[in-house]
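Next up: some structures, all given as structure tokens.
Consider the two complexes below, in which subunit A is the common component and subunit B and subunit C are the respective partners.
== the complex of A and B ==
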């Protein structure tokens, strides 16, 4: 297999609040390859979005990358560690948008209502390429056409509030691609959209990926989206990566109890009428009250008393490309 | 957009009409009508007004007729620019108010400019660097600015100005120019006198606007569009100035209309302390002495200026906010 275009190594991003430290991302590692889609899945608050923002170095204060490496393989073959770049440096800004594009989950509020779509697109285009205003405008119209917006010559002068949610998300995709990035991070790109529009946006991302050999990181809480889109999957819980592997392995041979619980909670078309949907017991702990040992143990149906609540499980390699962090796998017993 | 404009214009016209009605009511409020007051005051000061002259005044204002006729007669006179005579000053009201109105507008606009040029950058700084040492310092100074009555500030500034810089901070003109006709020398004298009163008038507004700007911007900075702008690779300064600051400016534009009356009625005490020849002290004095034609004209002028200010802020909002321009927000 080729070298990964992006490698995240043991990333820790913590938020330093007055009440204590929130370990939003607490040891995540994964590789991303050109033309492939990596799915990051987990419940709200598990650190998916912070992972995405860490990669771009746009974590809001009081958040900070504490340790780890974010290794980006540049077009010329050199490797840049994003963690070492000052967040507002010229190089970090060139990578943001130029190498890595980001699509957010809320198309309603992710565009400025005070500027036309064209204004924001042209700005992004000219940041990463030396084009005249006129050329950039032509490019903006091209981009809008590429993401499937009808009548792009007119829409380029529209304001975001004049467009539907689906069109806005298409504009967001166009904006993310304005700097010709090789990596696209889509952070819950379909959460705020209705089901038909969701499918269209996912299809758009997939076709763009094929055309441009994009590496895509798809962040979602929807296992259905993962099954449809991802090549590899990272399952996160409370900032930790609990299991990762190829999508088939994750769905057909899940090793971590949390992965299994997530899969059980997918509504099935084969379910009996009025059958209750399986849920994961309990709720995500308060960020300041992280459980000791394995973070999932209070909600886990297979907890080993005396082990899971005291020791942090090590990551166990299963086969060539699958790994999970669970005491059950390392052969420990109560 | 045209409908919005037309509606604003119509509302402004209706408001001005309502202001004339209220002004007329104020004119009629004292138990003694203004002609009797005029006669009484004239005889008290030794001058005398003939019965015929008083009768002519009564006829002009229709004082023996029903209120509605009185109102229409008064409105007709006012519409033709005849605001009557100030009985206290013994001169036409327009002459008494005269320069004071323009000096007031000048001073207000100056104070507003100072307020904005200082408050906006400080507010932006305080929000972007929330909880930094600088933010705490500005917050501390700001709260003092809000808490200290500005007339006290005016007194302190006057004291220090005189004591250490040997400058007189009172008034808008040196004594040589106060009564002189307008000339370039007088304008220059005015320009030299403007900064201190402008700053003192501006200070409470600065303190307030810094707080508003800080709060607005803190709200806007959390919005996703800021994050997306950053994710596109924009430099941080441009991210902040182009997007959230633009959004945080909206409430500013909508308050312009109130700034004008504030600098008049909210600053009477400052104007008295600094002996500024503005409309504020004139209004206070005319109300005390029941010089009703002067008082009501002043109120009318202030009302109309407020309406104009509000109209300007509406137009400004339309200019800076496409949602209003395109009729998305009512």
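== the complex of A and C ==
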């Protein structure tokens, strides 16, 4: 296999609040390859968005990257560690929006209501390429056409509030592509959309990926979207990477009790009407009241007393490409 | 047996006012001729894309807004045009569960005050009696009674939703309107609330109007499903029938768009072009024709009626007998 375009190694991003330290991301590692989609899935507070923000070096204070490496393979073959770059350096800014594009969840609040979508696009284009305003405008129209916006010559002068949710999200994708990125990070890109619009946006991301050999990091809480889109999957819980592997293995041979429980508890369109769902007991702990040992042990049905509540499980490699962090896999008994 | 709720030809048109004098220049036909019934112990789901009128329909039924026309028979009495004071005695029998468990509970009230308020308003002034009922309700929604004197901030999203359900059940309602009750919750918690709603309904014989956009959740909770598009019901059928043999092209497209949580079943989807029609200026004929892949010239001019194609299965499509639609197929082992 080719070299990964992005490698995250043992990333720790913590938030230092007055009440204590929130370990939002606590040891995540993964590789991303050109033309492939990596899905990061988990519930609220699992650290999936903070992982994305760490890669782009846009973690808000009081959060900061404590340790780890984010190795970006540049177009010329050299490798840059994003962690070592100052967040506001010229180089970091060139990578952000240039080599790595980002699509946010909320198209309404991420787009300016005071500027036309054309002006926002032109600004993004000219940040990363030396084009005249006229050339940039032509490029903006081209981008709008590429993301499937009808009548782009007119829409370029529209404001975001004049567009529907689906069109706005297409504009977000166009903005993310303005700097000709090789990596696209999509953070819950379809969560606020209707299913029919969601299908359109996912199809758009897929076709752009094929055309440009984009590496995509897709962050979502929706296992259905993951099944549909991802090549590889990272499952996160409370900042910890609990399991990762190829999408087929995650869905058909999950090793971690959390992955298994999550898969059982999702409502499916294939279920019988009025069929009850399997549940995971309890709820996600408050970030300041993080359990000792394995973060999932209070809700786990297979927890080993004296082991899971005291020791943090190590990541165990299963086969060539799958790994999970669970005491059951390292052969421990109570 | 009279159904708990019988909605007949419900319409809600919002006027569009323009100019300095606020002249009415048109109407948004948010709900346009909607009819359905819900029996005791039954869940009917309203599904559709945003702007299809599902929330407006539920707000009319609760009489949070006054309908423009039509009848809303609640336990046999028409409440569509009742005045405020005549509605009051009926209000306790129809309750609502909200979408956002964070903004729907007053942060300055304890749990016992929140759940006890409807009891107090309806004359249960004895504190001991009221606290006993609150404890009973907390047990019903599977929360420890010891939490009674805490404030909402101490609870997780799922627990708050349970509190909201307890409040809705306080006055023994016969109808519950649940507008997206689980869409703000995490997957692992969503399952708990879905199960709780099913259990409570079986125990208390509640009639539930479930408004949702997530068809997977809808399949788990409903007995029957009504699909809405631009203010009209385009298909209404028992849950199993609707998912197995949809008869309207819009239902087919909606079902096809739902991602299936199995990477081995990446199917080719029917991707609907364009957006939902503008309800202030809907297309002529069948509202769905500009996005429908089966549309003919006839669909552009003729408005299709809602026709019963099988017992309990109604469809609003001119071509339903001529076209073969795909459905959600069960998993192959």
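A few notes on this one:
We adopt the following convention: the second predicted complex is superposed on the first by the 332 of 334 C-alpha atoms of A that agree within 3 Å, B and C clash if a C-alpha of one lies under 4 Å from a C-alpha of the other, contacts with A are read in each partner's own complex, and residues count from 1 in each chain.
We take it that a residue touches a chain if its C-beta (ideal position, glycine included) is under 8 Å from a C-beta of that chain, and two chains touch if they have at least 3 such contacts.
Everything quoted here is computed from the prediction, not taken from an experiment.
Model built by superposing both complexes on subunit A: subunit B and subunit C fit together without a clash.
Of the two partner chains placed by the overlay, only subunit B lies in contact with A:162; subunit C stays clear of it.
Once the two complexes are overlaid on the shared chain, A:106 sits against subunit B while remaining clear of subunit C.
The partner that reaches more residues of subunit A, of the two candidates subunit B and subunit C, is C.
When the shared chain is aligned, subunit B comes close enough to touch A:98, but subunit C does not.
Shared-chain residue A:175: touches subunit B; no touch with subunit C.
Figure legend note: subunit B and subunit C, brought together by superposition on chain A, show a least Cα distance of 6 Å. Subunit B makes touch with subunit A in their complex at residues 223-225, 227-236, 242-243, 246-247, 320-323, 326, 328. Within the complex formed with subunit B, the residues of subunit A that make contact are 53, 56, 58, 60, 88, 93-98, 101-102, 104, 106, 109-116, 120, 123-124, 127-128, 159, 161-162, 172, 175-176, 178-179. Listed in rising order, the residues of subunit A touching subunit C in the complex are 43-44, 164-167, 194-200, 202-203, 221-228, 230, 247-248, 251-252, 261-263, 265-280, 283-284, 299. Within the complex formed with subunit A, the residues of subunit C that make contact are 49-50, 156-159, 186-192, 194-195, 198, 213-217, 219-223, 238-240, 243, 253-266, 269, 271-272, 275-276, 328, 330-331.
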